[in-house]
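First the structure, which I've put down as structure tokens, then a few questions once you've had a look.
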């Protein structure tokens, strides 16, 4: 095992994360998508429709941050994840973001359902674990941005970009209602750590 | 690890699935049964009474789709799974089906109990994960067929065949009340993926 | 991996079961005890106070069925499990029993709490999984024997023996209130399978 | 696998425990901290901010029991865990303590929330598992010390030391509200066993 995920080649690291997240129930079937930025203008993202417990290094496409267009593919028939536009929006919004991880979770679905229909965010529980998002407050009042799910993913991406341009979120994460969380970070390891942390917070929130 | 389950010899793939499902609590003791179709007229199915975490390639019998009769056995004393008639019915109903997987789950039991006694189906939760069953609707209204459990398995098989001849289900899956889900697919990998997906949906449904 | 637990030397099989049960949360700390009968008059049982995820073949004592006296030890300072008297009682009661497995589980604690104080049994849920205990009834009404927990283990053992002499239980299992289940079987594999099955049933019972 | 954790070099044992606790969800992200005493005056503790599933032997600092000052570091930029003062307090309080383990758990958060705001302790459930803390009572009435969480960790450490100087706790464990449990023991193995045991007890307490 590498000491940190950064020590692995980027796509190898994503293969390892995908197998791990699949085993934890966050990438059932072919659900979820993972990306890593390789330079200011490009990121690798998982191909659409692949079982996430069984990826290899060629199950990725290189995509442009600017417009989500495919710059390189390893297998001729592969298409980028249906949610590529969300990853591209995040990389445009946050130049320091190097990785973005999206999964589905039962607990996340229930945590989000506690928010009213149309709510733009919901409060994360004020537990110690919040420090993992660099929240250092005595009685933390931190909201997780919430977006309604829709078949039109490009519309979600636009809404994310519009809302975060106005006001960046307090945590490097967002939730899609009836769907699942997306977490980004300044490194693969940070994104991975914070995905775990958000899962902990959502488990608490689902039961409060 | 093979890239996809199709790349393994069919019975080797079923041994791997059985070990995986056992570890996840879907095949406790000797519960559950798995099959893979080898040609239009035959499928391999697990032998009755074997602990599913410890199968080998010879713990299967070759069975005729037409009538469920045993065409070949690897061990003289083995009998086919008690639920072979259900698998045969599914292969007769759905010529494109190549694999059928049946397990038991606590969450499935509870999800089904939310349906009234005698109900023929129950609504799956309208979450993103439904796309794994090729459901692309904005506010999906999808029902999982539900069948009452009985000691007379052949009767269940007949009811499945009769009901699905009239109207095929919206998803390639069904639920036996107080028992567990059965999922089929056009490939081993698809059946495996969708079993996971249905488990996610049942976990949500059990708690709604 | 051996095909069946019987194919391993008996203490090696118990080491494997202990590691498995520990990983599943049924043998936290040094909790639980496992035994296998080697002939009509003797059984091997786990030594007291050992962490169950880290046993080796010498962490067992050979004990007499007749009176629970130690016939052989592998390490001079070892003592037999504090619950040896219960295992001995079960082997006296059931000559066909070859293995007995005892663990603790959170779900078991809650399932048993649904029974009234002083109740001698509680109803197992009428689910398909009961067939793993050779229960073949249309609407099964099967009770799990329940015993009050006490510091005086010999007293529990006597009560088990007295009650089962009068009327053997419908399943090869019993529950100690606020403690955990004990399951026995005609083989190591059968006891292992049925421990899993009982866990499934207790998970359903805990939530009904 | 070593037979017991004591048979490993101390930091190797902590690396193994960290990987294990991370896999169980008790050390999400970089949460939690682990220490082992090497002599009366010093202990090794995990460095701050490391992902606990990926530690190596150099991710530790040697710290003085007397005042928590760093005596040795393996990597120049490392800092000791933010909760080092709590570990130091425990080693000053309990000369027999050789290891202290601190994690976070969803169930622990909920168990503690059942206690009133400001409560100094809460009752552990009277289940057999308590024997793992050397509690041998017929109807055990055992309280787990509870401390309010605050950004000022040194203040928590002082409160622990002051309260336990007056009256040592009935169990070698404490709980930080909205945070997680800390468990210590006379050996690494004992601390590890009891962390598991406390988790079992907190799972029961969270649901009572």
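Quick notes
Residue numbering begins at 1 within each chain, and the chains themselves are lettered A, B, C and D in the order written.
We adopt the following convention: a contact is a pair of C-beta atoms (placed from the backbone, for glycine too) under 8 Å apart; a residue touches a chain by one contact, two chains touch by 3 or more.
Just so it is clear, the model here is predicted, and its values are computed rather than measured.
The chains touching chain B as well as chain C do not exist; no chain touches both. Counted as hops between touching chains, the shortest connection from chain A to chain D is 1. For chain A, the chain with the farthest CA centroid is C. Between chain A and chain B, two chains of identical sequence, the interface residue sets overlap only in part, with shared numbers making up under half of the total. Computed from the mean C-alpha positions, the centre of chain A lies at a distance of 45 Å from the centre of chain C.
One simple way to say how far apart two chains are is to compare their mean CA positions; for chain C and chain D this gives 32 Å. In chain A, no residue touches two or more other chains.
By the definition given earlier, chain contacts exist for A-B, A-D, B-C, C-D. Listing the residues of chain B that touch chain A in their complex gives 1-4, 125-129, 131-132, 136-138, 189, 192-194, 196-197, 199-200, 203-204, 207. Of all residues in chain B, those touching chain C in their complex are 25, 28-31, 51, 54, 56, 104, 106, 109-110, 149-151, 176, 178-180.
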